[in-house]
Structure formats: structure tokens, C-alpha cells
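Each of the next two complexes has chain A plus one other chain: chain B in the first, chain C in the second.
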Partner chain A sequence: MLFVPGNNPGMIQDAYIYGSDSIMFDLEDSVSVGEKDSARCLVYEALTNLDYGTKETVVRINSLESGLGISDLEAIVRARPNVIRLPKTEFAADVTDCEKEIERIEKKAGIAVGTTKMMAAIESAIGVLNAKEIAFSSKRLIGIALGAEDYVTNLKTNRSPEGTELMFARSMILHAARAAGIAAIDTVYSDVNNEEGLIAEATLIKHLGFDGKSVINPRQIAPIHKIFTPTEKDIKKSMAIMEAIAEANRKGSGVIALNGKMIDKPIVERAKWVLKLARVSGVLKDMEE
Partner chain B sequence: MELKKVGTSGTLESSDIMVTIKGTDKQKIDINLTSSVEKQFGEEIRSVISDTLKKLGICAAEVIAVDKGALNCTIRARVKAAAYRACEITDFSWGDNNE
Partner chain C sequence: MGPFKLNDIPHINELPAIGEEFRDTKIEKHTSSLKERSEKSSKLLPSIREAIIATGLRDGMTISFHHHFRNGDYVLNMVMDEIAAMGIKNLTLAPSSLLEIHEPLIEHIKNGVIKRIETSGMRGELATAISHGLMEYPVVFRSHGGRAYAIETRRMRIDVAFLGAPSCDPFGNANGYSRENDNGVICGSMGYAKCDAQYANKVVIITDNIVPFPNAPFGIPESDVDFIVEVDKIGDPSGIMSGATRYTKNPKELIIAECAANVIEASGKLTDGFSIQMGTGGASLAVTRFLESKMQQKGIKASFALGGITGSMVSLFEKGLIKKLLDVQSFDLDAARSLINNRFHQQISASYYASPGNPGSAVNQLDIVVLSALEIDTDFNVNVLTGSDGVIRGAIGGHCDTAAGASLTIVVCPLCRGRIPTIVKSVNTITTPGKTVDVIVTEQGVAVNPRRPELEETLRKNGIEVCSSQELQEKAEKMVGIPKPIRYTDKIVGIVTYRDGSVIDVIRQVEEE
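Up next is the complex of A and B:
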């Protein structure tokens, strides 16, 4: 998910060329208080006029408590991004309060209720502790994300290269997302000149089970995609598993084995997930060709 | 909408346009445009500015626009923000048919 400042027309119009799966136009922290109205107009016009193709479009609004969130929603719901991202979510009510406003605007604007999906960013200790309630709070919620900069400030610590201080939050958010059946997105890696550090962090969060990572610079997209793209070995193994399942089904065999090892349900689920990732990243198509 | 003060929006960065709008005694929209692409797109930029203001109900204004290669959607956004600021209106109308 590529973060794009909402008051920068050059970055907004070019955002689709860098290959991210998702583009998040920011009306919150990257826009100064005096430019909120201008950024709102810019993102509204971009979303209603520019073609971002198959990229997921996300807009991070200001919180309702800030007094700016409702004005953001009035514009952005009508601009019809795929997802509206709530910042600094601490309670399930933050999501449901926002959902009520979205539904009101959808009805007023003649947009089918439920069209606008939501994502909640968790950026504080109380938010992390309430991650499960937040994750289950709305059918519109497609994912929850960790916002680490505010979170570590709230914890009275700093971000370390190893990310030790984020382990609890990452685990809570990941478990909440998995329990609710929604996506878990990791925080940004702020040091854009440290590719080694980015790769180490992306490798860690991929292994933990996260679905993706936020990026603040287009340069960070390719290394992360490389980490999340299944290897040829993994893909071939997954294809063999699926073929063994198909063969067993043809024979009516109850017990399925591959190279002498039993294949059970979790192995099949993982194989399906690997093949899904391979398909969306384009490598499976390349291998088939 | 009534223009009450000078309203400005936009920057002088590439792909942007800085738009300044103020009231005028003339009964028309007067546009002073500076653009590196004026020869090719000047007429269109003026047209986008003028059309955006008319849709907002503003038929008389003095506009100073410094363009750095902005797309039409960026021009519309900056004109709209500058006009609302000039009218001292914070409650924007987004319409329910994308205006």
C-alpha cells in the first residue's frame, strides 16, 4: 500500500505507475491543517477523473474527533474509493460511528449502502488491546493496520531495527485480523535509504503472517513484492499438492499422500494460498507460459 | 457564491497550479494566466477555470493562475478550493451527482 500525500498533485497523478497493489491518498498527517480543504478537493477530483485501473484506492481521512473527519467523508464517500481508512482507531465505536456517517452519505448520494469498505489503523496501546473488538466491529471492515510511529510514541519508546517493541502489537493485530477473517497490513518502514532494514522487516512480518506492508516511497515496493511473491519451488510444491488432491478425488481415495508424506487440510490450505499469491503476482502465469 | 476576500489554493510545484481569486467590478471572469504550456493548452486551462467558477455560481471574478503543468482535475480542485476560501465558506457542496 503506497502512501501518497493528498495535497501533492504530481504524486497523486503518478501513483499508479509504481506497481503497488494499493494506493492510499492521505488527508491526515501529511496534510497541514490549513490545507485540508484543498487536499480534499484534490483527492476528490483525482478519484472522480483519473483511472487507477485495478489498483485498490484507499483514502485516509482525519478522525471524526478532529472535527475534520465528517467533511472528509462528505467529499470522499462521493468520490467512491474502494476503501476509507480510519486513523488512530482505539475502540470498536470509532469504526461504527464512522460507518454510520458513511451510510448516511451513501444514502444521500444515491450510492448503494455498503459500497464503501473500511480499514482501521491501530496506533495506540488502547487500540492494540481492543484489536479484536475493532476487527469484528463492522462488515465493511476489510482489514486492520498497524501505525507504528504513533504507537511507539504512545508506548514511550522508539522504533528499533529489530522491531522488538512492535512484537506484541503485530501479534495482537494479526490474531484479531485472522479471527475476523480480514487483512492485516503492517506499518511503514520510515528509513527509505535503508533497503537492507526494509527487507529484514518485510521478511519478518511476512513470516508472522501479515498480508502486506505500507510504503512511503515507491522504491520500497519492489523489495516487498519480491518477499511476498512465492518462490518457484513453493509454487511447484503447491501445484503437486493440488494435483495429488485431484488424483485422489478421481480415484475416490480417502487418504492423500505426496512423496510418502500425508497431505492434510492445513497443507492444502497453504498450497491454495501460495497459488493465489502466485497468480495475483503474475509469476504463476509466467511459469505456465 | 459571493466573493468576500482574496482566496488562494495550490502551489508552484510541478503538476500543480496556484490559483488566486478575488472580486471585481467587471461583470465577467477575468483570467490572468501564466503557464509554460500556454501556447498549447492556454485556451483549455482558461476554459476549465471559467467553467468551474460558473458551476459554483461565480460569474464575475479576477483570477490569477500560475500553472506548472496541472491536469484538468487539478485545476478544478484548486479553483474550487480558492473560490470557497474567497467566499469564506467551509461547508463544501459536493453534489450528489458528482456535480
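Up next is the complex of A and C:
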């Protein structure tokens, strides 16, 4: 998910060329108070005029408490992005309050109710502790994300290269997301010139189970995709597993084994997931050719 | 042997280059040492003024300079001030190019010292003033190859060339660096100055570094040099060249560069022994980086890289991925140092580089060239000379020479720069004809010249998505709208010539706001 400041026309106009799966136009922290109105207009115009193809479009609005959130929603819901992202979510009510506004605007604008999906960013200790309630708060919610910069400030610490201080938050958010059956997105890596650090962090969060990571610079996209894209070995193994299943089904055999190892349901699930990722990222197509 | 008479020799009158009978009273035997002769060299003159007098420069003549010192050049302004002070008028100024630092020329034009200008390009206040109608005669713009050709064919006659040199010995062997007596001012190759030295009627070397004879290796040989003047400073080293041209970190330029590298690979021209030139500009320089990994994967080497040489090319050369470097202009200190140290980094003249009169010129041996553009239109014509406001702000350089010579010419540019579209329906000024440009690579897509259907097919077959130049133009227009047309007067302020001297376009005076 590529963060694009909502007041930067240059970045808005070609945000889709960098190959991120999702583009998040920001009206919140990257936009100064004096530019909130112009950013809102710019993002509205971009979403209604530019063709972002198959990219998922996300807009991070200002919180309702800030007094700007309603104006953001009034404009942005009508521009029909895929997802509205809430900042600094602390309670389930933050999501449901926002959802009510979205529904009201959808009805007023003649948009089918429920079209606009939501995503909640958790950026505080209270938010992390409420992660489960937040994750289950709305049917519109497709994912929850960690916002680490505010979170570590709230914890009275700062970010370390190893990310030890984020372990609890990451685990909570991941468990909440998995329990609710929605996506878990990891926080940004702020040191854009440290590719090694980015790779280390992305490797860690992928292993933890996160579905993706937010990026603040297009140069961070390729290294992250590389980590999340299944390797040729993974793909071949997964294909072999699916073959073995098909073979066993044909034979009506109950127990399925591959190279002397039993294949059970979780292994099949993982294999399916690997193949799905491989297909989406395009590598499977290359291999099949 | 024995006594003889000239008239006894059969056919004596038909044999060329034979004079009278020898007499030893006519020869002079020198007994002074090399050191003494070096001190007394008759070519060394004490001031620019004396050199100007010695060349016999007078009203109406043509003088030339080179632009290897770029924006750090002190020589041109220094000489022009002296000429103006001597009251010489109506000169034709024919430097290889002009930059921002040459703004004082405005006064010399106003005062009638300079009547006409022939150059590859110009920038800054001078260019703006000329675009606004400063001169009576239109400026003639020539490419580097076109200038060399005009000089060689004597269509452009240089009466006096004033050539700045970072090193020169007392007899005129000059170079863009010195192996032994480096005083911190270097420019690397002297490529553009070589034609001037060879063909100008009188040649003055202006240096701040007189080194012992022989200044070998030399860029300009003593046989081409008439006079030498030592001055305090020929230029500002930081303006002459920067440390190293850094790879861009701009993500958009990186995408363009990677895409261009993919196009090169898909074209099938990336094979062992290929030849290549990269233009300046972030994206085209970054192509080198992406090519490097492709070359290593394939285990292939380039036979030579040409052109303005940068540190990035030197890096590939030093890794053994490029066998030879042909250097008409060194762009950064890394390139200049390589020229000093590497045996197969060769200094070449503008004629060797790009003259259309020479079928063997290096541009004609290019497989691939990657170039930038200020504007390119749907018919693939390129403008590298005038900005979106119609004002002159660039140089033809070797753009049209390499585009014509290379078998695959790729222009890399962003679809828009800020609010200004780069891909347009029709360029302000044609400097490179569309017929010679094969592919446009932008961050938003790749377009292939419809004149090259076979290339388009090859690229598609190898996985490159190709769109039309019209689609790119429409995309740009959708993003930034249609710019207001530039308002020109009828007055022609510049003539753009193609390599062969034919007129490809004209530049008109922009209207005052």
C-alpha cells in the first residue's frame, strides 16, 4: 500500500505506475492544516478523473473528532474509492460512528449501501488492546493496520531496527485480524534509504503472518514484493501438493502423502494460498508459459 | 655523386615540392638547451591582447571557442572583453556551445562587437534575450556532428580559435588534463576543440598551466597551435565538472530507466559486442545500472561506449563490461580520471564522433542510443532546444547525430514535467526528425515509431506492452490539459540546421507579455 500525500498533485497523478497493489491518498498526517481543503479537492478530482486501473484505492481521512472527518467523507465517499481508512482507531465505536456517516452519504449520493469498504489503523496502546473489538466492529471492515510511529510515542519508546517494541502490537493486530477473517497490514518503514533494514523488517512481518506492508516511497515496493512473492521452490512444492490431492481423489484414497510426508488440511490450505499469491503476482503465469 | 645542375634532372619541372639547390648558409643551427628554448618559445605571448594582435583578428572575422569548461568557463568572456576593448566589431562568434555563464555576451551584441552567432545551444539570460529579439541576424544552431561537418567542408570558416586548455607546453601540445602537473583544473576530453584547432586559420591556446615539453598525451598537437597565452585562471573547477554524476533516486526516473533497459533487451540488440551511448539526464544515465545486471546475467560485453562519458560508463568499463570508451566530452571527474588512467579510454574529436561527412564516424557504429527530450511529438520529432514557453534553453548537442546513426534510438522522458506535457501533438522546435527515433519510453507506457513495424512486433513478442504515441499524448493531455499556445512574432531569431546543414526548423521571437 503506497502512501501518497493528498496535497501533492505530481505524486497523485502517477501513483499507479509504481506497481503497488494499493494506493492510499492521505488527507491526514502528511497534509498540513492549511492544505486540508485543497488536498480533499485534489484527491476527489483525481479519483473521479484519473484511471487507476485495477489498483485498490484507499483514502485516509481525518478523524471525526478533528472536525474535518465529516467534510472528508462528504467529498470522498462520492468519489468512490474502494476503501476509507480511519486513522487512530481506539474503540469499535470509532468505526461504527464513521460507518453511519458513510451509509448516510451513500444513500444521499445514490451509491449502493455497503459499496465503500473500510480499514482501521491502530496507533495507540488502547487501540491495540481493543484490536479484537475493532476487527469485529463492521462488515465493511476489510483490514486493520498498525501505525507504529504514533504507537511507539504513546508507549514512551521509539522504533528500534529489530522492532522488539512492536512485537505485542503486531501480534495483537494479527490475531484480531485473523479471528475476524480480515487483512492485517504492517506499518511503514520510514528510513527510505535503508533497503537492508526494509528487507529485514518485511521478512519478519511476512513470517509473522501479515498480508502486506505500507510504503512511503515507491522505491520500497519492489523489495517488499520480492519478499511476499512465492519462490519458484514454494510454487513447485504447492503444485505438487495439489497434484497429489487430485491424484488421491481420483484413486479414492483417503490418506494423501507426498515424498513420504502426510499432507493434511493446513498444508493444502497453505499450498492454495501460495498458488493464489503466485497467480496474483504474475510469477505463476510466467512459470506456466 | 659529384657536381650537378638542377636542369640536368629529367622532368624536374613536373616533380612536386622540389626547390632550389641546397646552400648551408640558409640553415640555422640551435645550440640552446630544451629548457632555454622552452622559455623562449616564440609561441608564448604575454597577454590575450598581444595574441589577438598576432592573429591579425579584424572586423567581420569569425572566432571560435569550445564549451568543455561548461558553466565554469572564464575564457570566452575574458577574450571577448579584450576584443571589445580593442574596438573590433561585427564578429561572428562560433563556439561549440554557450551556457549561463556567457551572459556578458549580451553587451557585446548590443555594442556591435558580435554580429552573428553559430552554436549548438545556449541557456540563461543570453538565450532569453535572443529569444526576445536581441540580434538582427538569426542564430545558427548546429549539432556537434553538423558543426564538425561545416568546418571540414569549409562552409564554416574559423579565422581565429581561442581554446582554453587545462595544460599546454611551450610549443602548443595542449590537453584537458595533465598527467604530471595537475593544478586542479581538468576537463577531460578536448573533443569539440579538436576540429577548431585543426581547421582554424589561427589557433590560440589559453591556459593557466604551462607544463614542460612534451605534454604527452596531448588532445591538441603543437602542429595545430600558433600562439599560447598564460592567464591566472581559465575557469572555476566546480563549474567545469562535478565529482561524479550520481544515479538518480527519483522513482519515476528509475521506472523509466528500467523500462528502457527492458526494451533494449527485448529488441534483441543486447548481444555480445554491442555498442551504446547514453544521453544525459537522470533516466538515461540510470539505464546503465539496469543494463549492467542484464549484461552480467547474459555474460556479454559491449565493444564500446560512446559520447559524453560519465562515471557510470567508466564503472562498467572498469568492471570489464565495456571494452573501450570513445570520449568526445567527459561529463564528470570520474570520466576525466578514467581518461587519464585507462589505456582504452580514447579521446575523440567531434568529427570522429559524429560528422555526417565521415561514414566511419562513431555514431554510425552505434547499436543503441538512449536520449532525453524536452518535447517529443506523436510523429516522434524531438525538441531539445526550446522550452514550453518558446524560449531557447538547451542545445542540440549530439542528439540528432546519434539518433540518425544508431540502429535503435530510444527517447526516455516523463509523460509530463509538472504541468507541462512532454508528449505533444507537435513540438515547438524540431531538432531531431521523427524518422530517426524508434521508441519513446515514458513511465506511462512505451510507443514504437510506426515506421518500424518489425521492431514493434519484436518488442511485443518479448513481453513489452506497446501503445501508440497518440495514446501517450492523450494521456498527458488528460492529466494536465492543453497548454495555452505560445505567442510568437514573425521575426526569426534562430535557424535550426540538421547534421548536413539543411534547415530543419526556425525559432521565432517570443512576444513580450
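The definition used in the following text is that the second predicted complex is superposed on the first by the 289 of 289 C-alpha atoms of A that agree within 3 Å, B and C clash if a C-alpha of one lies under 4 Å from a C-alpha of the other, contacts with A are read in each partner's own complex, and residues count from 1 in each chain.
Assume contacts are C-beta pairs under 8 Å (C-beta built on N, C-alpha and C of every residue); 3 or more make two chains touch, one makes a residue touch a chain.
In this text the structure is predicted, and so the values were computed from the model without any measurement.
Steric overlap between chain B and chain C is present once the structures are superposed on chain A. When both complexes are overlaid on chain A, the residue A:Ala93 reaches neither chain B nor chain C.
In the superposition on chain A, contact is made by A:Tyr18 with chain C only, not with chain B. When the shared chain is aligned, chain C comes close enough to touch A:Asn217, but chain B does not.
Once the two complexes are overlaid on the shared chain, A:Val113 sits clear of chain B and of chain C alike. Once the two complexes are overlaid on the shared chain, A:Gly10 sits against chain B and chain C alike. Look at A:Leu50: by the touch rule set out above, it reaches both chain B and chain C.
When chain B and chain C are set side by side, the one touching more residues of chain A is B.
By the touch criterion stated above, A:Val280 is placed in contact with neither chain B nor chain C.
Across the superposed pair, chain B and chain C both touch chain A at residues 10, 13, 49-50. Chain A makes touch with chain C in their complex at residues 10, 13-14, 17-18, 49-50, 193, 217-219.
Those residues of chain B that touch chain A in the complex are listed here as 9-10, 13-16, 70-74, 76-78, 80-81, 84-85, 90-92, 94-98.
Against chain A, in their complex, chain C makes its touches with residues 249, 251-252, 254-255, 415-416, 418, 443-444, 478-479. Chain contact summary for the complex, chain A toward chain B: residues 8-10, 13, 37-38, 40-42, 44-46, 48-50, 71, 74-75, 78, 108-110.
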